[in-house]
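Below is one structure, written out as structure tokens; comments come after it.
By written order: A, B, C, D and E. Residues from 1 in each chain.
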Amino acid sequence: MDIFNTFLNWPVFVDALPMLLKGLWITIKLGALSIVLGLIGGLMLALCRLYGPTYIRGIAIAFIDVFRAIPLLVLLIVIYYALPFIGVRLTSFTAATLALTIVSSAYAAEIFRSGIEAVPKGQFEAARALGLNYFWLMGDVVLPQAIKIVIPPITSNSINVLKDTALASVVAMPDLLKQATQAQALAANPTPLIGAAVIYILLLLPLVRLVAVFEKRFAER
Amino acid sequence: MVQNIIEIKGVEKRFGKFTAITDINLDIAKGEVVVVIGPSGSGKSTLARCINLLESYDEGDILVAGVRVENGANLSAVRADVGMVFQGFNLFPNMSILRNVALAPVRVRGLSWREAEQRAMKLLERVNIAAQAQKYPSQLSGGQQQRVAIARALAMEPEVLLFDEPTSALDPEMVGEVLDVMKSLAQDGVTMIVVTHEMGFARQVADRVVFMENGRIVEEGSPDEIFSNPKDPRLKTFLESILSH
Amino acid sequence: ETLKVGANIGNVPWEFQDKSGKNIGFEIDLVNEVAKRLQMDVEITNIPFNGLFAAVQSGQIDAAVSSITITEKRLKSVSFAQPYYDSDQSLTARSDSKVKSVDDIKGKIISVDTGSTGDIWAEANKEKTGIAEIRRYEGLSNAMLDLVAGRTDGYISDIPAMQYYTKDKPDLKVVARIKTGEQYSIMFAKNSPLQAKVNSVLTELKKEGYIAALHGKWFGSVPEKTTSTVMVMDAPKES
Amino acid sequence: MDIFNTFLNWPVFVDALPMLLKGLWITIKLGALSIVLGLIGGLMLALCRLYGPTYIRGIAIAFIDVFRAIPLLVLLIVIYYALPFIGVRLTSFTAATLALTIVSSAYAAEIFRSGIEAVPKGQFEAARALGLNYFWLMGDVVLPQAIKIVIPPITSNSINVLKDTALASVVAMPDLLKQATQAQALAANPTPLIGAAVIYILLLLPLVRLVAVFEKRFAER
Amino acid sequence: MVQNIIEIKGVEKRFGKFTAITDINLDIAKGEVVVVIGPSGSGKSTLARCINLLESYDEGDILVAGVRVENGANLSAVRADVGMVFQGFNLFPNMSILRNVALAPVRVRGLSWREAEQRAMKLLERVNIAAQAQKYPSQLSGGQQQRVAIARALAMEPEVLLFDEPTSALDPEMVGEVLDVMKSLAQDGVTMIVVTHEMGFARQVADRVVFMENGRIVEEGSPDEIFSNPKDPRLKTFLESILSH
């Protein structure tokens, strides 16, 4: 068999498409929710890490470091399969969202921190000298500048979360990639995997380009 | 009893092992204009920054309107009453000039955006820059930025104004205008601490001139005493070097 | 000459590692013997099930084993030697559960391995058996955890693996055998010349009773005469 | 069975340990090499994207966007299993390193870019006014400042690469996590997974803390 | 034939729709000192920045030593010969003061670090800041930073020096010292273009004074002509406003 029959087999792809689309829907649902929650959580964590009282700061650092180090697969298994032993029984969707959110917020926290630290000290001083309280200092002055700086890595992180939904199949949430490997096994042909890659690219490229446009408009100031 | 709006008692500030200012004692009455002069690195900026706790001081006390300046609940309120114009301009690059000026009145004083922006426009007119209100800071020249910074501090109508070389980036024409604004503020009874090299301004407006060297206040007195009859030898050399060029 | 065989190590009792890290199992013994007859060395490569299909087709490995079921659909892309094991599906439930046979799964939540024959069977018989919901898992151990946790009521999967798994677990029980007629064999790239050679060695081994002996070694029982473990068969062809 | 017997079963863990350590070695070898190469590649890509002539810039953008969007699993399969069809036959180690390096350099490129863009314009101007050529402008002035800014997200990215080695098992490089899932299947008990998580944490936490110390020392300037 | 080291012909620079400078014609002979004055926003900084192509210009030509300033192979060489001191200091925060000054001689002129640092120390002494050589820029006061920036530009021993308000952040004592440095450079025959508000300096050192307004050169001449006998009404107002305070 040649490369086309093996990796770009049209009938196999057409066969697999309905499965892939079913997986895509899970990927999007789970991914979008975890990205949004992860960004919010990450921002909170970054602020705790930078400005919290010592013990809060310690907790934030531990949270960030441990949940970046732990493999998502293991976290998912613990949340979904171990928690019932202590009486917490989550649905697979909740468990997957929770695990993805925890991990993505740990990553996002470090990104936001780098952005906040890149805002010149003079900006904080000017805001404080004007009497702005912590909330407005962050909201009006520091975060708009910090977020502008970190748009590229935040985009990367969001893409990562979307792709990490693949691991949710371990808690019986078959996402796009899982559906593709399954279709591969059924047909004994890797074409569905290539199909999934194409779908990922079709899904992500426009989003990434859109972010780039926003970024440019931002930068023009 | 005359209330001193600012009382500074035995203040010292160290950066690591380096002592930037030490043994600073200075009381400033309401409505007084104090000009701080001294050579580069003598601690003028550091002193100004300690007054609104942008630098925490290591020894002594600073009181603004009787309240000790320290970390805590009332720090924000103290700061809202102490306006500051920076040596670097520190405008907010993510908002228009108009927003820069209107922001604090809205966020701290609770004005509506409409009202705050109207007042901001008036201040921008006063420093001759109203035409640029919708531009962003990066689009302005250095002098224009400095004038915005002054308008921003004035917008809070503070009780005390700290100026750290407010005219250093201005061209002479503008220096005159800005000094006029400051003079009128002085007449309105606003308390001011001005770090400046504008000896003309010091002579005309200052109630008191403070000369710093090596982190200490070496001499203080009325402009007449300082300029016409300096006692400290270092002050004498300092003044001579200024007049020589 | 070396016969490069890909296998999803960890697939008990077909191919797994003993404590010393040596590859053992039914299919490992089988390919070792086949290679010996072909006067070749064997090199076992550990590739997850996902990767085996691309691996044979690209020639990175010559053959793949991992209790791979022969299906019509797969034959369009790959070739198989004659089958050597008849695997049926099984229904596993908690020992204390009311599920005692396939008739009891009406209205219950049933788990399967994604893409497995059990999945295909459950999907096809969803209406008939009245299954309330099919949950798809990534491998046996997680499905078992949820069965024990009570999130699911039954698990449909290959019978040999389940028999092996439940052997030492009193709270789980294989409650029913589900006939599906699926058969395992060695997978090759499509039209690989090795397929014919291996196929004739398998014929030889069946005649000698070697494969039946392997069954005894790994499952502790003698296979029936009519199963593909004993009977010589034709290599499956794409229809 | 209780939670301890299921998730923290000591005999199962001890049994699995030799397998896990074998996997750990692959994880470290593959991870370290891909991280280093990915950082170098990412820096090159970021510079091409920012300062290359239009067509180079276009290629860099396409590379970055496509390889962030494509699932690593698919890329691995393509590199290892599809390239032989066009006569390129890589060892599994080379294929895994290549795929991981490509993806991690795409991610690192965006991180470096955000750092470079956060360096004030005046710094570029001062360096150019002094006549520094492009190489020294970057090497002496811009990159030291940019890298300082992006230490936190670069650390995150490196952790990610190390964890992504898990997917290399598909090209016959059984890493730590793969060995753990395999041991889990063997023992029919998830303890080896928890064991793997502990090993990840023991491996990564000291590294992350070390980076934090460096970062602090850097920031003191 | 007298070689003009800088020739500016019909230069225009636009920011979007806004024209910052237009129709600029200016030839500068080797060794000449030209002082540029004018109100804030008149385009002085923009003109200076066009000369070493920190801003690309939209119309006309700028030639340094006969070579057109444009993107290309010889831009770096042109820039090495045109030193610049910025209105903002733009020191490199990631290296010590000493490194800041020694960097370009090593990287562009190929000096050894030892040699470059020895020369850097001499320059730091000249601007009175040698004691801070091992500090980082963020640890210096504004005035100290400005002096380092001047030393850094001098380190390249450039043919032409552009100064954009080099003394604006300095205290009067230091202004005198820095102006002395600049005077001695002028005597050494270094060509200089100085944007400044120091009229005293202009009067003493300038060979020619250029007055800009609204992006154009409105009047130019010897210091005597400009200060004692200004023709353009806008220049007259400008000078009056300066003398009035």
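Keep this in mind: a contact is a pair of C-beta atoms (placed from the backbone, for glycine too) under 8 Å apart; a residue touches a chain by one contact, two chains touch by 3 or more.
Remember, predicted model here, so these are calculated numbers, not experimental data.
*Asks:* Enter the minimum step count from chain C to chain E; a value of 1 means the two chains touch.
*Replies:* 2
*Asks:* With chain centres defined as mean CA positions, report which chain is farthest from chain A.
*Replies:* E
*Asks:* Using the touch rule from the top, point out the two chains with the most contacting C-beta pairs.
*Replies:* Counting C-beta pairs in contact per chain pair, the top pair is A-D.
*Asks:* Indicate the whole-number Å distance between the mean C-alpha point of chain A and the mean C-alpha point of chain B.
*Replies:* From the centre of chain A to the centre of chain B is 47 Å.
*Asks:* For chain B versus chain E, what separation do you get between their C-alpha means, in angstrom?
*Replies:* Spacing between the chain centres: roughly 29 Å.
*Asks:* Between chain A and chain C, what distance separates the C-alpha centroids? Give it in angstrom.
*Replies:* Roughly 36 Å, centre to centre.
*Asks:* For chain B, write out the residues touching at least two other chains, lowest number first.
*Replies:* 88
*Asks:* Where in chain D do residues touch at least two different other chains?
*Replies:* 6, 73, 77, 81-82, 85, 120, 181, 190
*Asks:* Can you tell me which residues of chain C touch two or more of the remaining chains?
*Replies:* Touching at least two other chains: 50, 54, 57-58, 142, 145.
*Asks:* All pairs of touching chains, please: list them by chain label.
*Replies:* Every pair of chains in contact is listed here: A-B, A-C, A-D, B-E, C-D, D-E.
*Asks:* Which residues, counting only chain A, touch chain D once they are in their complex?
*Replies:* 2-3, 6-7, 61, 65-66, 68-75, 77-78, 81-82, 85-86, 107, 110-111, 113-114, 117-118, 120, 149-153, 155-157, 159-160, 163, 166, 177, 181, 190, 193-194, 196-197, 200-201, 203-205, 208-209, 219
*Asks:* For chain A, which residues count as touching chain B in their complex?
*Replies:* Checking each residue of chain A against chain B gives 120, 122-123, 125-133, 136, 140-141, 144-145, 148, 221.
*Asks:* Mind listing the chain E positions that touch chain B in their complex?
*Replies:* Chain E residues touching chain B: 15, 37-41, 45, 87-88, 139-144, 147, 165, 168-176, 179, 197, 199-201, 238, 241-242, 244-245.
*Asks:* Which bits of chain E are touching chain D when the two form their complex?
*Replies:* Against chain D, the touching part of chain E is residues 49, 52, 54, 76-84, 86, 88, 90-95, 103-104, 107-108, 136, 138, 152-153, 156.
*Asks:* Contact residues on chain A for chain C in the complex?
*Replies:* 1, 5-7, 9, 12, 77, 81, 84-85, 89, 92, 169-172, 174, 178, 181-190, 193
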